[in-house]
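Letters A, B, C, D and E mark the chains as written, and numbering starts fresh at 1 in each.
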Amino acid sequence: MTENVIIDPNLYFLGLLIPLFPLLGFLVNGLLGKFLPKASAGWIGSGAVLASFICVLYIFNSLGVNDVIRIDLFEWIVFSGIDISFGLSIDPLTVIMMLVVTGVGFLIHLYSIGYMHDDEGFGRFFVYLNLFIFFMLLLVMGSNFLMMFIGWEGVGLCSYLLIGFWFKNDAYNDAAQKAFVMNRIGDLGFLLAMFFILFQFGTLDFAAVERLAPSIAEHQGLITTIALLLFIGAIGKSAQLPLFTWLPDAMAGPTPVSALIHAATMVTAGIYMVVRSNVLFALSPIALNVILAVGVATSVFAAIIGLKQNDIKKVLAYSTVSQLGLMFVALGLGAFTSGIFHLVTHAFFKALLFLGAGSVIHALHGEQDIRKMGGLKKLIPITYITFLLASLAISGFPLLSGFFSKDEILAHAFQQNILIWIIISLSSLLTAFYMFRLVYLTFANSFRGTDEAKHHIHESPWTMTVPLIILCVLSVFGGLLGLPAVFHAQHWLAGYLSAVTDGSAQYLHHAEHLSHSMEIILMSIAGVGAILMILFARHQYVTKKQLPPADESLTGFEKLVANKFYVDELYERFISQPVFKMSEGFGGFVDKKILDRVVNGVGTVVDMSGKTLRLLQTGNTGFYIFAMVIGMIVIFIIRLLI
Amino acid sequence: MYTLIYTCCLGLLCLVGEILNLRKLLIPMILAGLAAIFVVNCMEWDAAGPVIIGGMDMSHMMRVDSYSIAFSGLSIFTAMLIFALTGNFYKNEEHHLSDYLAILVFVLTGALVLFSFYNLVMLFLGIEIVSISLYVMAGSRRQDIRSNEAGFKYFLMGSFASAILLFGITLIFGATGSFELDKIAAFASSGTDSTLLHIGALLVISGMLFKVAAVPFHFWSPDVYEGSPSLVTVMMSTLVKVAFFAAFFRLMSVGLSGIHDYTSDILSLVAALTLIAGNLIALSQNNFKRLLAYSGISHAGYMLLAVLSIENEASSALWYYGAAYVLATIGAFAVAIPVFYFRNDETIDAFNGLGKKNPLQAAFLTISMLSLAGIPPLAGFLGKYYIFSEAIRSGYIWLTIVAVLASIVGIYYYFKVILAMYTKDTVEPEVKSPMLYTVVMIVCVVLSLLLGVWPGPFTNLL
Amino acid sequence: MMTLLLLFVPLVSALVVYLAGQKLASKVALGLAVVELAISGIALSMYLKEGPEPFYVFHEWIASPKISFHLALDGLSLLLVILTNLLIPIIILSTFHRLIPNAKSYFALILMMQFALVGVFMAMDGLLYYIFWELALIPIYFIALRWGGPNRVPVTLKFFIYTLAGSLLMLFGFIMLYWYNPQQSFDIRELYNLAISGSNQSWLFWMFFLAFAIKIPIVPFHTWQADTYREAPTQGTMLLSGIMLKMGIYSLLRWLLPIVPLGVAQWGPLAITLCVVGIMYASIIAIKQDNIKNLLAYSSLAHVGLISAGVFAINLHGFQGSVVQMLAHGINVVGLFFCADIIFNRTNTLSIDGLGGIRNLAPKFSTMFMVILLGSVALPLTNGFIGEFLLLYGVYEYNIWLSAFAGLTIILGAVYMLRMYKKVMLGNTGTRVQSFPDLYWNEFLALGIIVVLVIVMGLYPKPVLEIAEPALQLILDKTIVQ
Amino acid sequence: MDQLIFYTLSALTLVSALVVVFAKSPMYSVLSLIVCFFTIAGHYILLNAQFLAITHIIVYAGAIMVLFLFVVMLLNLNKESEQHKPLKLRIAATISAGMLFLTLIASLKSTQFVSFIAPPPSDMGIVENVGQKLFTDYLLPFEISSILFLSAMIGAVVLAKRDKKR
Amino acid sequence: MGTVEHIIPLNWYIFVSTFLFCIGVMGVMFRKNGIIILMCIEIMLNAVNLLLVAFSAYSGNTDGQVFVFFIMVVAAAEVAVGLALLMSIYRNIGSTNIDVLNKLKW
């Protein structure tokens, strides 16, 4: 990899501005919020993000494929053996992520203005959102692992704050806390990984680590440990098995939050991190296989659960988990670019889906159960159209963005392991099915709610619809970023990210490239499969007008699935409860009954012995003299014997 | 030497003063006299020659050296503090005042003899002067049955102990053919293994242990301390205790140093017992004087460490500890006696609410208690430190550990008093403590602070 | 000169405050504390310019036994002195808008405490240090005793005797050292170069370690802590948790490791294990605590466990981490206890059950509370993170598994802290929360300062690291056995 | 001859002492104590301490015992049939005293003495020798003992004289 | 007369006086009448005196005899004070039984 560090004051300055704008927005809204008119908060927030989006665009077209901008602000933790600078660096991968973050971020800000306009916490919401954007940018821009970790935990904090945004509701607060703690579990792994790296290489700087990593290639154990610990972090952040349960609960937050944090950006941080340190992973086949396994398992598992969810946002949440799994499959296969590709497209259509869902919920004044919806296609047409297209994209309908990105991953899987190809194709078929189950139940047929509710339904304001339309466009044409060779176009994204991924290329075994015909066959299989699934869903829910039954009527496997395989309950039973029991045991028993008793016991013993000895003092002179005599006798005897 | 003579004269003067009806003047006179004697004593510091009487050298009887002068100075100063308290204490029994004062002065005389003795005869006489006078003083509240009891108990056990002491002295005489410390020391260190000497030494030590109230010869002290008039208790627990210890130390370090190995482990056993028993029993006491009696026993234990470790510094450690102990105790009593008087109660509850009613007194009593407990930066702490340091230096490690643990226990009962003052409440009115008492209290507390913060002049006194 | 000023200004101020009378006491105290803070600021600038030399004070105090009035101010001491002088004004500030009976004694005692603490951090003669160490115990005892909660008498007495028991053992150890020292003195420079046999060193190690372990406290010597923190008045708790337990950790660094390196080599592993066990033990207990002060007490127990673990890891990273975390923890815990006090002052309860929903009554308060809380759960860009990162890294260098276990603290810490925040601040308005006026100016000021410190230290810890490094390097060299 | 005297005297001494201890009535105790003292005086004479013997008789038999008698009469204790301590205690007392005796003897029996300046002058005990000693070497203690007397005297007076007020 | 030290070994005197001493000790523990106890103490003192005289006779230096004088002095003084105390007690409780004296204990 030939990175040439360009020192251009303008770019340096712009790069610095990118995170500063959201920070500024955060400070302004946070500190001066109460002095400004309520509405302004939204515009300030959005403006800040827009500003940094523009900066990103500028950098995007002025940054060559092999260029890197390094922005070293100041020495952070520096003394013997440790040298961690507070610095940012911008390379193509970063740029892509920044584009997603700021671009999608801006649209969602805009959307939120409409969505949240009558919420009492309007200002606070944008404060948090800006803070999130700031941390997310730090995450993707950080020039070393610790900087990334700042962003990493920062976004965790923001997600905590935003999930619990409506803090009066205890359930929401629990969800928020759950999210934070589960992320923390991953973070511990990340932290330990950093210790290993720091100890091995004496630095946490990405470039340096990438340079030095091969030196320990022969220590498979070590490198695998590092990679796996890092991956644990990714698991926590990107909601993979077994730490995925927080994400569905995280839907407690306002819908734009779900769109931004829990679909488009934050949850993909894990992917970004793996790609960022792809060399480390590439050096450890074991780690890659683990990733692959986890990814596959997650994608199928989540897809299955998705089949039986009736909360519009929960369905999307599980599909997110499943899609993230798919991305990890890509990474596990060593197809880092494909992972990023799917990340980007997914960001588009999943954000769109959430926003659409938000628009639906907005229209229905907070109703989220799809069994109480239906027939909305005429009432909120824009939402319907965009939502439909997004669903097509995610289901892999030919020539839409999702089709290409997914297909690339499938192709890689096919090259390396036919079995994996089968499994993930299955999961993408499932995806297509539950997505359209969702679409049809929501929009098709006739409204199943009360007339009173129906009366209130209306299309959302432009601030909400515009982002929908833009995202819709993106998710339709997003595929252009990575047209496969079949279309006689070179894969743009792959080329753009080559500098990043080349480092690892040499360590990955490359199966021979598929023949075009084979690729076309695969594509058509996937496309046809998707379409068949969609038709099947239509048959089920439109023709037969089937309705998902009430939860309690479910039995057997369905019940299991509807209850998410009781994973939450298992964790509750086997982790939380024991810890609480321990807490009570330690606090109530060990601490009070044992340790404290021992300490007090000493005191008691001393006191009692005093009270006993005291009785010798009988007050009888005869006895005193007697005692003295005995004492003397004892002395003499001691002296005689010794 | 002159110190002794003048003190005797002072005692006689008291009696004369009685005859001349100068009761009012007595106490000022004594204080002035003691001050003068104190000066004289200090002047002897460098000019201490052999003791000459009627042209005869009495060096075989007593020697005035820095040791005796230092302790004399301390005890004279103590006596001044105590006499300052007598005025108000005895104001109800004026017709006996002069007698009491005279006897107390004679106690001081005996103490002076004890500091400078160089012959077992002198030791014996000194002890007896002090003891007999104290028997009287302890029983001096004749209508008070408790006082009688205290006096008689003290008398019985005291004379019993004296008899034992005498028996020991006799055996030593039998062994060495002399009463002079020099000769005894010479014989003892000559290495001739004489059982007579050993047994005699043990008996003498038992006698001394009784006088300093060490376990198992301590039984008299709590009862006597509790029963006697408070002022006498002060006298016994401060001046006299120090005097006996000084004598004990002199005996062990000069006379019997030759058989130190023979006596040391007996003594250390006794010291350990004393430390443990004294502190433990004190925990459950509710009567202030009795509490101080037990605490006095435990302090005897600490001082025994000094007696055990007979190095040069040990004497100054003993002196310093004695000083700290004396100051703290007198300071405490200077607060306590008026409280007892006004609240007519000698238990710890008498101090309830003192923190609110008399903040000054409470604060000073607190400081005295802290000093007794050995909390820095008060004198009590440095005193303990020296004693421990010397003991460790002389290799009594386990004994010192016992002492340390014991002093941890000790803290508790000193704090009982403090807690009573600050956490309990009372309906009793404020205590109006006489001016002289306040003065004494302030002097003691200030000194024990000074001694703790700036001990330079006093630490290497000897 | 500077050193003596630093040491004696608080003592004088204590007297002044006592004489100032009940009305003025608090304001005078605050003013004088600020003066002291200014002095330490000057001292800092002097240190940065001229290094430790100008702060060196040596007078013969007692000839025999040789005890000298020997003060010095290296980086380590300087930082802790600054921490002390920084927290005292905040602590005093926290009493405004509160009714304090017999205020003059209260503030006089607080300033006495400051005097003793500064002394502890600057004393370089064993016995002098010991005297200050003990002296620090008296004021806090009386503060807790006279202004404490309903159950204060037995609790404080237990605390006093327990800690004093430890320190008496330390005194014993010091005397041993004195006689081991051929020059026969307590001068730290000589104590650092003693050649003591391994077996004796392990005795000495225990004598000192117990004293410090009780003071810090390290599990299982902590049983006095929670009760005392709960019963003591808030300012007392702040002093105890914010500064006083730093005495213990500081002493580990200054008076234990370099003096008995062999003992440390022999028993250090046990000690560090105790610390790590303590971290998990305390964190787990904290989860289910109902009383806020108890919860904070246990959390603080967990934190100091980690700090001590870093010390016993015996490497520069651990040391640096412990120093940074000492400052961080001092600041955060004071802030947290102040928040607890604010809650108690408004709702008259500290039981989590009765509380809730304060968030929407007092946004300013809850925001600041949140920030400080994040600092104590070691979120990046807060002071807590720097400390815990370095500490865990130090422990990692010592032993990977230990650091993995110790690392659990960042999970458990999040659990109990957020649980507490959730139950106290969020959710529906609790039964005990009728009206909750937002921060008064003094509370806002105090918390504001703390919040700023939390962020600033997290953002730019470099100065702290640089100041501390030489001293720590020296200690490390003395500790590592060849 | 001397031996015979010695043995009889010693026997008398011990027996009379025992009588003092065991006698029911105080009066008997007093009288037997007097006997005991006289026998001890006899011992003194045997041991060439003639002057001491005289003083002994004067001081003890003459002064102290009279004092005892006086008090016994005054408080007419002789009537008061004193009930003894419980048997247990008395046995304990006897045993402990016996043990003390045994231990002492056990440790003293094997004593060899400092070489004596033999033969001692047979007139060492007569007045001028003792007086010589007393007023030269022992002048200081002699003076000091006056203080003792004084103090004891005052004390006795203070304690014993009836209060006018009562 | 006056040659006893050549006929009778000193040990006999040690024996006798020790025995006497122990009788005294026993008496002190045995009786509870103050006066008798006082007498027993006198016995102890006299045992000491006897031993002293014996020693001085055998070692032929007068110091022992001189010491006896002082013991007598002290004995006299003690008796005086002791009886005085006893009187005042008798005045208060109408008895010389020392076992009554146990108001002060524990």
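Going forward, a residue touches a chain if its C-beta (ideal position, glycine included) is under 8 Å from a C-beta of that chain, and two chains touch if they have at least 3 such contacts.
Because the structure is predicted, anything quoted here is derived from the model rather than measured.
Asker: Give me the chains shared as neighbours by subunit A and subunit B.
Answerer: C, D, E
Asker: Please identify the chain lying most centrally, where each chain is represented by the average of its Cα atoms.
Answerer: That would be chain C.
Asker: Among the chains, which one keeps its Cα centre farthest from the Cα centre of subunit E?
Answerer: A
Asker: Which chain pair has the highest count of C-beta pairs that touch?
Answerer: D-E
Asker: Calculate how many whole Å lie between the centre of subunit B and the centre of subunit E, each centre taken as the average of the chain's C-alpha atoms.
Answerer: 27
Asker: Determine the centre-to-centre distance between subunit D and subunit E, using the mean Cα coordinates as centres, and give it in whole Å.
Answerer: That gives a centre separation of 5 Å.
Asker: Between subunit B and subunit D, what distance separates the C-alpha centroids? Give it in angstrom.
Answerer: 31
Asker: State, to the nearest whole Å, the distance from the C-alpha centre of subunit A to the C-alpha centre of subunit E.
Answerer: So the centre of subunit A lies 99 Å away from the centre of subunit E.
Asker: Return the residues of subunit D touching two or more other chains; collapse runs of consecutive numbers into ranges.
Answerer: If we look for residues of subunit D contacting two or more partner chains, we find 85, 89, 92-93, 96-97, 100, 104, 107-108, 111, 113-114, 137-138, 141, 145, 148, 151-152, 155-156, 159.
Asker: Scan subunit E for residues touching two or more other chains and write them down.
Answerer: Within subunit E, the residues that touch at least two other chains are 14, 21, 24-25, 28-29, 32, 38, 56, 59, 61, 63, 70, 74, 77-78, 81, 84-86, 88, 98-99, 101-105.
Asker: Would you mind listing the residues of subunit C that make contact with two or more other chains?
Answerer: If we look for residues of subunit C contacting two or more partner chains, we find 161.
Asker: Which pairs of chains touch each other in this structure?
Answerer: A-B, A-C, A-D, A-E, B-C, B-D, B-E, D-E
Asker: List the residues on subunit E that touch subunit A in their complex, please.
Answerer: Residues in contact with subunit A: 25, 28-29, 32, 98-99, 101-106.
Asker: Spell out the part of subunit C that touches subunit A in their complex, as residue ranges.
Answerer: 158, 161-162, 220, 222-224, 281, 284-289, 298, 316-317, 320, 357, 359-360, 374, 379-381, 386, 389-390, 392-393, 396-397, 400, 403-404, 407-408, 410-411, 414-415, 418-419, 422, 426-428, 460-462, 465-466, 469, 473
Asker: Please give the residue numbers of subunit C that touch subunit B in the complex, ascending.
Answerer: Of all residues in subunit C, those touching subunit B are 61-65, 127, 130-131, 134-135, 137-138, 142, 145-146, 153, 157, 160-161, 164-165, 168-169, 171-172, 175-176, 178-179.
Asker: Which of the residues in subunit D end up touching subunit A in this complex?
Answerer: Touching subunit A: residues 85, 89, 92-93, 96-97, 99-100, 103-104, 106-107 of subunit D.
Asker: So in the complex, which bits of subunit B are touching subunit A?
Answerer: Residues in contact with subunit A: 152-153, 156-157, 160-161, 164, 198-199, 202-203, 206, 210, 215-217, 219-220, 222-223, 262, 265-266, 269, 277, 279-285, 409.
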